[in-house]
Amino acid sequence: MNNFFNKIVELFSTPEYIDSLLHGFLLTMQIAYFALLIGIFLGTIIALVDVAKPSKWLAIPKFICRIYTTVIRGTPMALQLFIMFFVIFAIKGFPSIITAIIAFGLNSAAYTAEVIRGGILSVDPGQTEAGLALGLSRLTIFFKIVAPQAIKNIIPALGNEIITVIKETAIVSMVGMYDLNMAAKDIGSGQNMASYIVPMFTAALFYLATIYLITFIVKKIEKSLRKSDLRAENK
Amino acid sequence: MHKVKRTLYLVLFLLVTAGMGMSVWWSINGEKGADYIVETNVPFAPFEFYENREIVGVDVDIVSRVAEKMNKTIQVKNVEFDVIIDNVEAGRIADAGAAGLTITPARSERVNFTIPYYNSVQYVIYNQEIPPSLRDDHVVWEALAGSKLGSQIGSTGYLFIEDEIENGVLAGTGTVLKGIDSHQLAADAILAHIIDYAVADELAAKFIIDKNPGLEALPLYYSGATREEDYPVEESYAIAVNRDRTELLEAFNEVLSEMLTENEEGVTEIDRLVLKYMGLSDE
Amino acid sequence: MNGETELIIKNLRKTFGKNKVINGIDFKLEEGERVVILGPSGSGKSTFLRCLNWMEEPTSGEIFFDGQLVTGKNIRKVRQNIGMVFQHFNLINNLTVMENLVLAPIKLKMMKRERAERRTKELLRHIGLSSKANSYPASLSGGQKQRIAIIRAMMLSPEVLLFDEPTSALDPESIGDVLSIIRELADNGMTIMIVTHEISFAKEIASRIVFIDKGKIIEEGSPEQFFSSPKTPRVKEFLDKVL
C-alpha cells in the first residue's frame, strides 16, 4: 500500500508522465468527439428512415438500415475496429486516427439510431394526429411537434451513448494508438514505474472526471428541456 | 433572449469542432509520408518501449540506421503483437516487423527473416515468497507442472508453454496458460495472485524484476538426463521483412552485420544498446 | 339550414388486417346538420368518424367533400375545412396554449401572427381561459384542455367539426363546460358530427341520430323518432341498456 502511494506521488510529480496522460487524453477525446458527431448525424438519418411511413421508395433503404444496425450491434466493437484497421483501411500511410474515428462513428451510429428511433416512437401518436387533423404538412408536424418532444426522451439515452463511446475508445490501444489507456501502459512499462496499477488508476480518474462533467452537462440540458413538464409539477 | 442563447451555443459548438478538427489535422500531418513502415509492439524493453510518447529502444535504433543507410524515411508503428506477422506478410500496411520477433519455422514460411541479432533465453518470473522448485540456478519445465502460467499473448514464451502443455512435459498435468496483454501486466498478475509464474524473454524479465522488489526470475531449462545436461529454452530474434521488399531486407542485413561486429573490447553495438536501454550503462 | 351537401360517403369500408371494422357505409351530411353517432363500443363508430378526414385511410369506398373526391393529394386542404376534436384532446405538449392555437393558421398562411394572436385572445376570453394563454398543456385540467382543443379546431373556421367522444376522458364536473361550448357552436349553425355516450346531450343537440353496429348503419332518424319508437330490435336492446 505504501508502495502504491509512493508511486501515485511519483506519477503526479513527474511532468513527463502528466504530459503523456494529457496527450493520450487528447487522442481519446478527438476520437470520441468526431465519432459521436458522425454517430449522431448518421444515426439520425437511419432513425428517420426507420420510422418513416413505409413506401416502395423506402423499402430498400429501410432494409439496409435494419441490416446495418443489426450487424453493428450484434458484433463486438473490438472486432469492428480490427476489420476497419486491417481490412477496410489497410492502406499504407492512411492516418490511424481517421480510421478510428470512422470505426467508432459507424458503431455509434447504430446505437444512436436506436436511441433516436425510440425517442420518436415514444411520442404519443395523438400529437401527430392533432397536426394532421389541422392540415399541417408531415414536415411541419415533425419539426414543430414530434422532434421537440422526442428530444426530451432522447437526451438522457444519448448521454449514456456519449459516455459509452468515450470509455470504449480505450480499445484503440489494441491497434497501437496512443490514447489515455495507452499512456497509462506507457508510463506503467517505463523504467521508473514498472507497474500498471498506478497509471491505470490515474487514467481511470481522467475518464471519471470527464464522464462526471458530461453527466452534469446532460442533466442541465435535460432540466431545461423539461420546462413544459415542470410547470405541471408546480401547478 | 432564446435566440441569442441558441446562437451562442451554436458558436461554441462550431469553435469546439474547429479546434478539435485542427488538432486532428495536426496529428495526421505529423504521421504520414514515410517510405517504409515498420511495425512493433510496445512495451518490450529494451527493444521497444515508450519514452515521453516516443517509441525508443534497440529495434528502433536498428531501424533508424537502416533509414540512414537507404536514405529513406521509415516510420515505426505500434500495433498488437499478434498482427505483425500477418501485416508484414500482406505488405499492404507494413513492410517489416521489428518487435523482438523469434525465428520460428511457421513464421519463416510467411515472411523473410534477417540474420538473428540477439539470442534470448526464456525466464520464469515468480513471487519471491512462493518460488517454484529450483534446480540450482535455473528452473526446469517439470517444476511448473500443475500451476497457473501467464505470458504475453503470441510471444515466444507463450508459444513455448502452449507446446509443452499440448505435447510436452506439461501435457496432462493440469497446467493452465493465461494469455496476457504484455509481459509487464503478467508480472502485475503474479503479484495479484492471478497467475503463479510468468514466462518472458530474459531481458524483459530482468527489466521487470529490477523494478519490482517482490519478484525474482531464473532461466527456464529443458531437463536433461542429469542436472548438468539441462539445457536452456533459447530463441533468436530477427527482423521480419515482407517477401517483396528485398532491398529493405538487404539493408537490414548489412546494418545488422555491422552492429554485430565486435570492437576491440569484444563488445558489439547491439550489446552496447541493450545495456543502454536497460539503464545499466551510463549513457 | 340551406341544404348544401357537405359530405357524401359511398360504400365506405375499412379493415385492420383481417378485422373488418367498417362494412360498407353510405352516408350524406348536409350543411347545418348536427349528427350524433351512437352505437355499442367496438361497433366502428369512431373509426367511421376518423375515416371522414382520413385519420384512418379508408380501405375502399369514396368520400366527396364539397362535391370533390377526397384523395391523398387534396387531403390536407380537406382537413383544413373539417376540424376534429379528439377524446384525449391532443394539445401539443411542447407548445403553450397560445402557440397551440396560432400554429396552424400561421403555418398554413391563413393569418398573420398578430391577427392569429388577437383571434386567439378573443376566443380564450370567450371560454374564460384568458389567463392560460402562456401555460403549457400539462398544467391544465382535462376540461380546460378540451375547451382549448375545440377553439383550436375553430381557428381555421372549418365547415364541419368532428367530435370523437369529446367528453369520455373527462371528470364529471368538466363535462358540462365542454358540452356547453359544443351547444353554442350548434346554435350558431355549425355543421357537426359527434360520437358520444352522452345520451341526454345527444337527444338535446342532434338533428339526426345515426346508429352503427358491426360497421354498418343499422338505423337513422330524428332524435324523437329514434328514442321513442326505434324500428329495429338491435336499437331497442341498446336503448334499454343505456337509458
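Lettered A, B and C in written order, each chain numbered from 1.
Throughout what follows, contacts are C-beta pairs under 8 Å (C-beta built on N, C-alpha and C of every residue); 3 or more make two chains touch, one makes a residue touch a chain.
Just so it is clear, the model here is predicted, and its values are computed rather than measured.
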Chains touching subunit A and subunit C alike, please list them. none
So, comparing C-alpha centroids, which chain is the farthest one from subunit B? C
Most contacts overall join chains A-B
Whole-Å distance, subunit A centre to subunit C centre, using C-alpha means? 46
Counting only Cα atoms for the centres, state how far subunit A is from subunit B in Å. 33
Centroid of subunit B to centroid of subunit C, CA atoms only: how many Å? 78
Could you pull out the residues of subunit A that touch at least 2 other chains? none
Along subunit A, where are the residues that touch subunit B in the complex? 16, 19-20, 23, 26-27, 29-30, 33-34, 37, 82, 86, 90-98, 101, 174-178, 182-183, 185-186, 188-197
Residue positions on subunit B within touch of subunit A in the complex are 16-17, 20-21, 23-24, 27-28, 31-34, 37, 39, 41-43, 45, 49-53, 77-80, 83, 86-87, 90, 92-94, 182, 184-185, 188, 207-208, 210-212, 279
What does subunit C use to touch subunit A in their complex? 53, 55, 76-80, 83-84, 86, 88, 90-95, 103-104, 107-108, 135-139, 149, 152-153, 156
Residue set of subunit A touching subunit C in the complex reads 124, 126-127, 129-137, 140, 144-145, 148-149, 152, 227-229, 231-232, 234-235
